[in-house]
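Paired with subunit B in one complex and with subunit C in the other, subunit A is shared by the two complexes that follow.
== the complex of A and B ==
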């Protein structure tokens, strides 16, 4: 046991206390921050906040400035200027003092048509804010209860509840869509980087011939167990640090964008995440170790490891199918196949209620494959450990007897 | 009582019979030379002793029984294929490998520092292994082999990449370990080192035992009836009991007549008034024996 512990410690230290790890650790939060910054910049530069004019022949707008909300960087307030006649508005438009102007014709109450004139089509914000302005003024002109007005203005919030009442989904719960995506990406990145480390560790030991000393000190099982646990430790460290980053991000971001404060994940979903991710993590690590044992060069090993990483990403390529039809045949099949199941299960569960028995089968298959992968890795390792120049074929690994 | 007992082991890899019915034993307190030409089956034999390979047939007993995990802690192994973790500091690499031999980190660290000082590696302890020279890496690997004070030391070509000073030091250490009662198996092609260090040798070829015994026994078996002498001046043209006198580089090789004995020749030389600096029975160098035996084997194979 102490030897396994030494191996775990060694594997953990050699990866975590390295510059490379720091880079991979910072890469995801940095990428997220960069994406947010780009979004902000695009938002800030693409929205034209110059005034929009209107000519109100129908006498609809009595209170020109009724929007009380404060604008933010994504939704800046666009000032609306009243004009008495179209010529002046047109002049100002040509002089680029306004970006567009609306004409509400006298026949508006019958035709319900408004005309818009522009040189360059204004963004969606202009349209929606002008619609709000007109709606508010129309409502104000009716003699309505202020509460009714408020409700009409805010619209409805639809909550979808599953028949058995176990699941609810509300329109404003944007994170139900984001959580499986983010969790999945984090999972794949972590599993693949730490799996990559493991792959590298095994190939290196073969390449630099340390293997022979190591296996005359410990058993292959001890070595494999230590390496797999050590590398999962590396992955979990990465994950925990990212979660802390994310949590801080939500807290800090919540001050600027209140919608971030709504973020929450149910305990059930967290349990599901763990139940899916842990066996998948062990499975991928063990397969990586097996690849490392059978290959003789790092480059080759990395190419072969694509056989593991590519299928894991398949659910992303068909994410729209999963979202629209989470119970379709293809999606269900993918949730049973061990390499595609982790991400498929996480996505499916976010968009539909997957029966408990189905989840149980999915997870059991994953666990069974994790156990199989460890066995496979142990066998591949025992056979491949001292082959320096020769690759090991899959047929050999499944052969009856280990040539020891 | 033997510390390693190898009894009739055989091992085949596909078409190749790597080891064929090989038996020998290694005792505590001896340096045992495992010799043979390239591809003779030395490394396979070592790997079978270490339980990396299992013999197809035959028995191996190490430290009084079959190999187990605990026993691995009492074996130090310097493989032919040298290897250390390249990307980490020397001290961390050595400490990790020592802990895999069952040493606790503190003890390993203290012992390692002593060894590093002895091997002039102490000031390089924070350097990455890949930054060290080949000779330094070789020394580091020797430390890994010895630091846990193993009962059995198995070393494959311990002197390659070492300069004469370090070679002497390693020899001293091996002799010290032998005097402490450890069993040392040394596999090498450097026959002069074998002559200097080994108590007993096993020569294998094509996986089979060719020569086995003490160095002296083997050399005596191969000694011719020749005497090497170095006189102060010159030798007379004929000496009683000597069939032929050959001059070699200041020395003389005396080939004796069938009935003659070395003692008789010494007496005759003294009677002839020859002053001698050196008088010795010509023992064939191990190198010669090695080449002769291996060539004979080749001849047998070809017949």
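== the complex of A and C ==
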């Protein structure tokens, strides 16, 4: 037992107390911040907030500005200015004082047709905000209850609820649906990186023959258990630190953008996350250890490990299908196949209520596969550990009995 | 010359016959083909209304008519307008009745319009499968029914409210026909080409690094040096591995083009988004140039690093310029002829990727292509001269640690010893 402990400690230390670990730890928050910055920059550059003119021959627009909301960088408010004649508007357009101008002809009330003049087509914001402006003015001229008019202008606020009422999402807080999504991505990144560390640890020791010395004082099972636990520990450290980062980010950001405080994860989902990810963690680690001990070179080992990591990422490539059609045949099949199931399960249950029996079967398959992976890794490890120059084939691992 | 040929042959045959190489060569085009096939099999739109194809995976599958209920506690809905399909909405007296109807499968969900609807606008939308993403597609109809009733059930008034204006666009400075930017494929096809090119150049250039660093690490280099001149080794390696990369690129890009052609009809790719066939020829030219550029740099690193591990770390610094076009890919695709993409496509280090993306997104003026090619050839010429100086027995046999400063100094023509001292 103390020997396993030694190995765990060694594996943990050799990754965590390294400059590179700090690097990979910081890279995710940095990437998130960079992405937000790029999004803000693109938003700031691509949106033109210069005014738009209009010439109102039909006498429709009586109250020029009714929108009183605060605009932000993603939903800028475009000012509309009235012009008396088209020539002046055209001059201003050519002088680039306005980005476009509308002409509402006298025949408007019959045909509803208006014209938009521009040099370069304005963005969708202009069109929708002008339509809103006209709609508000039309509504104001109807003889309706002011309460009804206000409701028509603001629209309804729909809260989607599951049948038992356990889950709900307000229409204007749609972004909260991505919380579990982000948590899932974080977990997968952690699983992959710590799997990669494990692979590296095994191949490196094999390559530089340290394995031969280590094995004189520890049994293979102890070595492998220690390595797997140690690397899972590294992964968990990474995850915990990221979660703390995320929590602080939401707290600090919540002061500036109140909508950030809407993000939360339910306890049910955390339980599911753990139930799915622990076996997935063990499964990937075991396979990585198996690959590491059957290959003789780092480069080859990395290529082969793609066979495990690529299928795991498939659900992300088809995430739009999973979002819109979480109970489709393809998605259900993916949630049964052990390599694709971790992410598929997490994504599916974020977007729909998956029946409990189905989840139970999925997780059972995953656990069974994880157990198989450990067995497989154990065999591969004992047989391939001290073998150089020649790769271990799958047939050998399953076929031959291990001599004591 | 004969020795160069031997090195060339060994490198080419050794790499190509490796099983992992063959696997990636075949699997990379095969996997997306299978995924596309899978999507059209499982997730596709089966209503056959012609709007299917790849766009269908963004929409939910709906083969039967949707029936939903509503419980109107606010007394808003007086009638269901005639333009809503018969039986689409069923009125329920109480929440319990609606709940029962959902459980029995009569309806898939119901709307609960709260008594204070006019003040707060609050509606609860209860769905059996929850899925808020699909909910966003079904709720607008209910919203319309409510607005219709709030407007007093006047169809004309409702129509004016829905579409108060019909805008006629008049462009005072019309340009030539542009691509349909609203189609998601207008972005994804050039994006795919950019990624492919990135992977191709980088993977074949790092083959070079690996082969040099590996031979250095396991001391094969010492034996080789006794019979081959460093320059012959360098030329043979760069040509041999270049052929490998070219083979990979022809297979990948070719199968990509074929896939787009064949899939073009089933995937509903509009003709103006198809890749032009010339892209194949330019692709080969820019691949060869990009490969030579990066492989030369990699060879230089390979000559200086003591082992493979350090080689991989050193590459991360060198590949930064090739990542820049990928970071700015949004700008390049949306405005292929803006200043930034043009500048990027004239800088030799970012040129191959940028130009390929631009070619996939639109047309590139021929003078830019030619200038880019000439600039790249010049850079490659200078680099090869510098690196072949680096490829000397003295450097190849050292076990010195790699540093970027050292690399640049030697690149500028200093000896290893003087570079170390300075």
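Some points to look at:
As a convention for this text, the second predicted complex is superposed on the first by the 370 of 404 C-alpha atoms of A that agree within 3 Å, B and C clash if a C-alpha of one lies under 4 Å from a C-alpha of the other, contacts with A are read in each partner's own complex, and residues count from 1 in each chain.
Here is the rule we go by: a residue touches a chain if its C-beta (ideal position, glycine included) is under 8 Å from a C-beta of that chain, and two chains touch if they have at least 3 such contacts.
No experiment lies behind these values; they were computed from the predicted model shown.
Three-chain overlay on subunit A, with subunit B and subunit C fitting side by side and no clash.
Among subunit B and subunit C, the chain that touches a larger number of residues in subunit A is C. Between the C-alpha centres of subunit B and subunit C, as viewed from that of subunit A after superposition on chain A, lies an angle of 90 degrees, to the nearest 10. Legend: residue contacts after superposition of the two complexes on their common chain; A:218 is shown touching subunit B, with no touch to subunit C. Contact with neither subunit B nor subunit C is seen for A:84 once the two complexes are overlaid on the shared chain. Once the two complexes are overlaid on the shared chain, A:267 sits clear of subunit B and of subunit C alike. Of all Cα pairs linking subunit B with subunit C in the superposition, the shortest spans 11 Å.
Counting contacts as defined above, no subunit A residue meets subunit B in one complex and subunit C in the other.
Put simply, subunit C touches subunit A in their complex at residues 20, 24, 31, 35, 38-39, 42-43, 57-61, 99, 102-103, 111, 117-136, 139, 142-143, 146-147, 150-152, 157, 160-161, 163-173, 210, 308-309, 327, 330.
Those residues of subunit A whose C-beta lies close enough to touch subunit C in the complex are 38, 42, 90, 93, 102, 111-121, 127, 130-131, 134-135, 138-139, 142, 144, 147-148, 151-152, 154-163, 165, 167, 169, 171, 174, 177, 298-300, 303-304, 310, 314, 317-318, 320-321, 323-330, 333, 351-353. Looking at the complex, you find that subunit B touches subunit A at residues 13, 47, 50-54, 69, 72-73, 75, 77, 79, 81-88, 92, 96-97, 99-102, 144. Within the complex, the subunit A residues that touch subunit B are 2-3, 6-7, 10, 13-14, 204-205, 208-219, 386, 388, 403-404.
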